[in-house]
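Just so it is clear, A, B and C label the chains in written order, and each chain counts residues from 1 on its own.
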Amino acid sequence: MESYMMSVDNVTMKFGSLVANSNVSFNVKEGEIVSLIGPNGAGKTTLFNCVTGFYKPSSGKVIFNGADITGVRPDKIAKLGLTRTFQIVKPLKSMTVKENIMTGAFIRTNKFSEAEKIAEEVMERINLIEKRDYLSSSLTIADKKRLEIARILATQPKMIMLDEAMAGLNQTEIKEVMKLIVTLNKQGMTFVIVEHIMEAIMPISDRVVVLNAGVKILEDIPQNVVNNDEVIKAYLGEKYHAKNQKS
Amino acid sequence: MEKSITNNKKMIGVVLLIILALPIIVQDNNFRHIMILFVLYAALGEAWNIITGYAGQTSFGHAAFFGIGAYTSTVLLWKFDIIPWIGMLIGGIIAVVVAIIVSYPAFKLTGHYFAIATLAIGEIMLQLFVSWEYVEGATGIMLPIKENGYKYMQFHPMNKLSYYYIVFGLFVITVITAYIVGNSKMGFYLKAIKENPDAAQSIGINVTRYKLYAMMVSAFLTAIVGSFYAQYVTYIDPFMVFPLALSMQIVLITVIGGLGNIYGPILGAAILIPLSQYTRIIFGGTGKGLDLIIFGALVVIVTIFQPNGLVGLFENLFKKIKKKEAINDGKLHDVS
Amino acid sequence: MIIQIIISGIIMGLIYGLVATGLTLTWGVLDIINFTHGEYLMISMYVSFWLYSLMNIDPLLSLPIVIIVMFIIGYLTYSIVVKNVINAPALSALLATFGLSLVFRNMAQFLWTPNARFITNSVLSGKKISIGSIIIGYPQLAAAIGSLVVIYAIYYFIEKTKVGKSIQATALDKNTAKLMGINTERVFGLTFAISGAAAGIAGGLLSTFYPVYPESGILYALIGFVIVALGGFGNIKGALYGGLIIGLSEAIGGYYLGTQFKYAIIFLIYLIVIQIKPKGLFGW
């Protein structure tokens, strides 16, 4: 049996009678980039929340680095080395860029100077160094998203989960985020990415997990996913698929 | 980029020195009384600021901790002849214990629901002390007269300056604590919790634990000031030390001065305390409430025109002076 | 005896409910804790009192005048003070209303002294119904029935009328409401005016059996805060049921544990309920 960095095992999440995730399972190996795609309402963000401790799954298990993290509080999961960003950016508005990142760095140190040092390093890596003293509320959306990644990098994670880190960005900015992900991945970082923008995600992913209506409908390498009937149906609807088949 | 004045240690030192010197220079008992009240409320504001200004959890019940401090040292002195310094410390510890007990359920709540819960806790405390016979209920306790001097915190005949040194010392403790908290891991974590609890959790912050730390620190500081107050006025009853009006006064001073800012409570108290004292002296003699009409109206005006607190006003002034200096030094060209 | 206690609990509960209804409106729609609400109550009691003692108008008959006066005072509170702090940090906005409450309360003291005044000869005074051993005073009964009617009227207005819907929409999302063409400023003003009028009716009804003095409103406002939080902000049903819960627990708890504890019981009930429903009974 292969050893996985993270295994999501039959996770089900219900809100009352609504089933947002139903028996979803997938695994992530160290150093991989795994993408989670699916149409709106497929349950991607819910799954994210279940994995990172923001929701407690109704059933199923999440194992990270050999530890059962099902229903464990998000801050404890972050301490284990699994961190996430949010679909809607959450900068700490009254703080500067540097202070935002320092807040992340404090997870591994109690010393102010140490946190400062980690923040400086991260800002260099992420290209935020010139904006270090800007209030985070004054940043552009692209920089805010970058700041979110910087802040979680400062927690020195083993795995990063990005929730639509590219939404709302223009082409150049998307390329920059892609480049950043690839660079960090080369340095050994493992990623799970939720994304809508296919052309951005396909080239960099090792594997793609497709969700539809809360159920995993496919898991494969990117090339196979884009040509899969099920996936096209899920995204574009039954009718469109049928029309295309005829022509 | 220049550092914000709030992080400037020298500046804080200068401010504290001025505050210390004023009542030594001005030898007027009435003025000294007002200075005592000023630093007392500034200290309470600094303490409250830690839980509400930094951590964003609005407390309308801080009188509870103040009253616990006042009653603990008083009862220990009265019944067991324990010196108020130890009573003060025990009062602080009891306040911390109470803070832990009430915070766990209260921290499940957010926003206004939390604020009203703290208000409820404060009122319950008031009611309990009113009906608690061991501490004389609504009658209150007159402090026994002890030997003169710092040991018993008693100075006969009323030597205001000695009281002032004590309360100033407590005030300095709260300022230093607020400074250390603000410029440490804890301060960063509290600010993150205030801004966005989800983001805070995602970077490993145990939200409940840090809110609790903030509440404990805040409760302890509030209680020791309460102990001093009892020593100073020599008589306490529940309506003096537990009322909602006191909790609101602390809120008022800090918010008018500047929430979450180390100078906020100092500035707020420096303006509101003399104002309320002098309007009372000038207009209040008639017992008709004219002083509070003026006071209330000023509160309305300040909140309308300076909603972020008076500190903003001073920060702008400070920046302008800095800029002028820079221009004079030729470091900067006047852009205007 | 217990029935007598329950009945007086319900009567107080309904009056509390009306006080809380006005409070929950401004709280829910503008997201502001209005510390002036207790003073609305106090002012309306004084209006009733003066109309009675100077012009011999019975408090029940002067209600329309009280409503109009309080409607205007509510509106002015918004347009002079609250409007200017609506975008300020929440605590600043709250303190603006707190400052205003100080002005009102001390103005009353300045003009009319701190002495308590009573309306002793209204048409209801001293009359009561007795059913067996149960005695209900007319003034209390009138206040309870009046409160229930007014709470329902406001509920109907908010739920069923077009203007009410626009108030609801503004409460849910001020910006979207604005985009839909709702004049949110007018909605805010109207909300405050209705809130003032509701407090006015409560005050007018209370004046027939409760002393009138500058601090008459403080305790009611304090209990009102707790009821609003208990019921859920902006929820009129919550205000009514919250009011009844508080009225009953005050009466029953006060009887069994001693009246000195009756307010402590109210606050304790809030703390217990809020543990089970952290957003209030009807909050979400």
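By our rule, contacts are C-beta pairs under 8 Å (C-beta built on N, C-alpha and C of every residue); 3 or more make two chains touch, one makes a residue touch a chain.
As the structure is a prediction and not an experimental result, all values here were calculated from the model.
K.L.:
Thinking of each chain as a vertex joined to the chains it touches, would you call that graph a line, ring, star, complete, or other?
P.N.:
Contact map by chain: line.
K.L.:
Name the chain with the Cα centroid closest to the overall protein Cα centroid.
P.N.:
Here the chain at the core of the arrangement is B.
K.L.:
What whole-Å value do you get for the distance between chain B and chain C if each is reduced to the mean of its CA atoms?
P.N.:
Chain centres of chain B and chain C, defined by C-alpha means, are spaced 32 Å apart.
K.L.:
Just how far, in Å, is the C-alpha centre of chain C from the one of chain A?
P.N.:
Measuring from centre to centre gives 49 Å for this pair.
K.L.:
CA centre of chain A versus CA centre of chain B: separation in Å?
P.N.:
44
K.L.:
State the interface residues of chain C toward chain B in the complex, per the touch definition above.
P.N.:
Checking each residue of chain C against chain B gives 27, 33, 81, 84-85, 88-93, 95-96, 98-103, 105-107, 109-110, 113-114, 214, 222, 225-226, 228-229, 233, 258, 260-261, 263-264, 267-268, 270-271, 274-275, 278-280.
K.L.:
Considering only the defined contacts, which chain B positions touch chain C in the complex?
P.N.:
52, 58, 105-106, 108-110, 112-113, 115-117, 119-121, 123-124, 127-128, 130-131, 244, 248, 251-252, 255-256, 259, 287-293, 295-300, 303-304, 307-309
K.L.:
Could you please specify the touching residues of chain A with respect to chain B in the complex?
P.N.:
52-54, 73-76, 78-79, 83-86, 90-95, 99, 102-104, 106-107, 109-110, 112, 115, 133, 151-152, 154-155
K.L.:
Given the complex with chain A, which residues does chain B contribute to the contact?
P.N.:
Touching chain A: residues 1, 183-185, 188-189, 191-192, 195-196, 198-207 of chain B.
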